[in-house]
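So that you can tell them apart, the chains are marked A, B, C and D in the order they are listed, and the count of residues begins at 1 in each.
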């Protein structure tokens, strides 16, 4: 049985004189303890997906249709009280920028204890002990002292560790991490990612990792969704997607990385820009930037279909595959 | 080499750009703003055209008959039909006096704000752009001056001036004293807002880019930073006009502003206050209502502007 | 913290110095002390003699030092009109003004926080819209006009409240007589307090609402929601403290405006406080009293502003610890 | 390396140092310690004794993590900041102590591209105004038509349709704005471009477009780059030489190929291993102790000692000098100098 099952999730934003579809018919499943990456560029809808899973979309955005089944219970239809029980307890979230995630006027201890005491009947002392244990788990030195400190006294990496500790406080079944290391330095990013991976594996916690960095996805996750303009365009096992991407956009994204080209040579760029949500072209949203686009692509939206090991939303996937195979033979 | 083939659409004309802009759109969608602007324009027009509209000239002693004093407005028993809103304690036609008074209040308000804006923008730009000791000195001064409040500074200044010059001389130049004191006393509001915006803008890379291109500080301040600091200046200018009108009225009410012979709305209210207990409420209440409506529509426009432009105003 | 403290105290002293200079300059240029003392009918030699005796022919610096020295010992001159020490006159009037300010402050703080928080939490509710509508009308009515209209409605038309004076006061201690001990005193202070609060209250409601709405948009509030924290805790623990930090600063700045408004309110209600006294002193060209008022008010500003600054430093963990830790 | 030494470098940075004062007024420098007052100044040592050359036609990449002083170096070279100590020479002439007027002729030659394309264009100026302004300023004799031609030519070369010139920056996407910012720098025909993280605010697919544009411009216009970045994969692709900075000091300078195949400094090694690779299944990096210290009142000795697995007493007392290695790279590390490092590596 899957832990999380998302069906046809559609999120819209009410703008000046129209409603804009930010998330369009997203469907995916997550098994217990599974790690899933959601990749895409800014504006693809990956962060909105993360917030929608916890029903945290606020005005002017709203969930238009679809369901998010967490243990067969629809998060979209939950009462506020039931949502509060779930958030921070069975489902925890790690935000993007640790410098602004913690409340500047409350101590680390206050912010950890309030989370515990909102969900469990615990005395302050019991809660404190749990907080200290969790801070140790994320390798925070002298955790007792940290509890009395304010966020501004700690570095960004330290704060993100504390946020991970807060996420783990109530032994959640699912952690949603929205670009957890984008605001951090490379060496710190590597430490945090390793820590997150280790904790998810040892505690059998499901992870949804939202990122723009294919390298991170490759190291951290078992399965990957690639998003473009509010839709999933490719989904499957991470290895398959990295090694043998099927959708022209995924291919372009991987090929555009400097590692994929010899130094000094021209990078294989994807032309153009991601369409803005108010102005998504008809047919396949990627068609104006796609070198394989046909008339069909310009008029009809491709359904996401099973192709080999992955699911992919592209009319021309067979032709592409054949060409790819031919090129490989040539080479 | 690039494949962005999206051809530019027809260049829209300047006028249609204005009409379709965010600001015009939100204006049309906001009935409060539309009504406020209409009322403001009506009041301003009436004030400017006061000499044409007003049936009497309140400054002309020949047209005033003390025997006509304290007639009620036309809809109350005992009114004289030629005085639509009744008369004041000196027998002046209240409608004409209010028109002239509004004219004075609005003029003092706008001129004082123009003076504030000139001082505040210059000081704010220089303090923000040059920074360092000059900046901290100017801002300390602004903080201290602000904590004493405009009204307090104005009251003390005008009280001393009046005592020094005697009321006759003071009354003759009251308009200029008021403009000067309200204009000078409020410079910190502007200076701090402008400085905060300048500091925020100075950090942006287009200023660095201009410096790397070798432009001088004058050009960078006026051509690059100032145009990007306009939204907060617009917003506070509106609010400041409203505040200046209130300040003028308050000072005149205390007898430190416009004299009763040349009344602004504030001095009119003040002179009527003594008659409120004898039942002649209109001398106070009608100019009071006009004053409130004038200030209210300006504040409503300021509110709307703040919502649309959404500038980060300097706090504290 | 040390530097912060010393800095504030130094600044306070500097400001008091400037105020005393201004006050001294006013004293030197406003009116002729001899005329007040001896009238017109005295010969020129006697005048010269008196000038020497009073030290009016000394150098500017000597005169200022004497003025400042006397001021430090509480001697701010003798009121021409009351014929008693100016400081005594002011100290007698001070409690009335302070009680008025206290009444208004209680109204402002007591109402602005709940109203501001409510309108920020429920911006679209009808009640919020009504509160915001009233508040913008509120900031558009000058204090003196509110006072006049209240007298007109509640005193003249309905006769519910008295229109002037302090009514029955009870002597407490020293110069202090209080309004809060008798029913009549309460009746007298209600209208003036409301009038004094009338422009500041809507200002603070709007300020708190704006700050609170900004804080509610912040990442840390979103994060608190994502942790499953109950709404009341988010509003009153997470958001309110961050909201009040900038409000404290603005509050400090508004103290000056409040004292200025007491002049208006006291004039309308003929409230026997410092403000009313000051305006009378201006009309009588009672220079020592004007100067004394200036110095006392300046002193009150400086002290309250310094205290507000220190409170801000103590409440805000980033200011406080950053300075202490270094 | 040898034939490069034959000609003088285009830019020489000598013992550059930049310190930002943190204290506001001397009162804050007074501290109460052990019952007595002590005067203690606090400053951010953003750049400490940095010596670097930029040769003609090369793309020197400066890499490091936040707070390492890489952006400060860029801003010092661009003349946006004045160094606390040290010298900067351009084409043999000293430039760091010049007045604005004396700098004017060089402003045409040295240009800068910034990180955030949303902030580097004046939002109140149309593209045309933004591009014509520098041309008018530096070529006052140009006629209106000449200015227009110049701007059109540059716009074409960066792939921005000249008919868009009437528009304002907010009508463009991030990638397009960065093209326009590059165009603005190119309008004055510079020979040296300082690029401060020019692609880190952009999406992956757009990064490639901008990098390609910069490479093209380098070839067609013979540009020299000082390229500041935190992204090592970009360095490998773009740079001819790399300088690694840590806490305001240079750790290692080497040819790109040498640095990536044989990194020597322990920090460089850690940095390289931390980049997530597509091929990996698992994070597999050299773990550093602790975190980057703040550059306030730096400790004695090697700046990296607090996080270095090889640090010993010498490292905590003596700051290592950059020493030439057999393969032409410069490394500032006692452990490398003493050969301790590779023994250690054999052990693992």
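We take it that a contact is a pair of C-beta atoms (placed from the backbone, for glycine too) under 8 Å apart; a residue touches a chain by one contact, two chains touch by 3 or more.
Computed from a predicted model, the values in this text were never measured in an experiment.
The chains touching chain A as well as chain B are C, D.
Put simply, the chain farthest from chain D by mean CA position is C.
Here the CA centre of chain C is 54 Å from the CA centre of chain D.
Between chain B and chain D, the centres computed from C-alpha atoms are 49 Å apart. Chain A and chain C have CA centres that are 54 Å apart. Note on chain placement: the centre of chain A and the centre of chain D lie 32 Å apart, centres being C-alpha means. Shared contact sites, meaning residues of chain D that touch two or more other chains, fall at 25, 176, 209, 216.
Shown for chain C are the residues that touch two or more other chains, of which there are none.
Of all residues in chain A, those that touch two or more other chains are 271, 273. Residues 65-66, 173, 175-176, 203-209, 211-212, 215-216, 230, 232-234, 236-238, 256-257, 270-271, 273-283, 285, 287-288, 291-292 of chain D are the ones touching chain A in the complex. On the chain B side of its complex with chain D, the touching residues are 1-2, 4, 7-8, 11, 136, 204-206, 208-216, 224, 227-228.
The touching residues of chain A, counted against chain D in their complex, run 41-42, 155, 157-158, 185-191, 193-194, 197, 212-216, 218-220, 239, 242, 252-254, 256-259, 261, 263-264, 266-271, 273-274.
Residues 140, 144, 146-152, 155-156, 159-160, 162-164, 242, 246, 249-250, 253-256, 266, 269, 273, 276-277, 281, 284-285, 288, 291-292, 295-296, 299-300, 303, 315-316 of chain B are the ones touching chain C in the complex.
On the side of chain C, the complex with chain B involves touching residues 11, 15, 26, 29-31, 136-137, 139-145, 148-149, 151-152, 156, 163, 211, 246, 249-250, 252-257, 259-261, 263-264, 267-268, 278-279, 282-283, 285, 287, 290, 294, 297-298, 301, 305.
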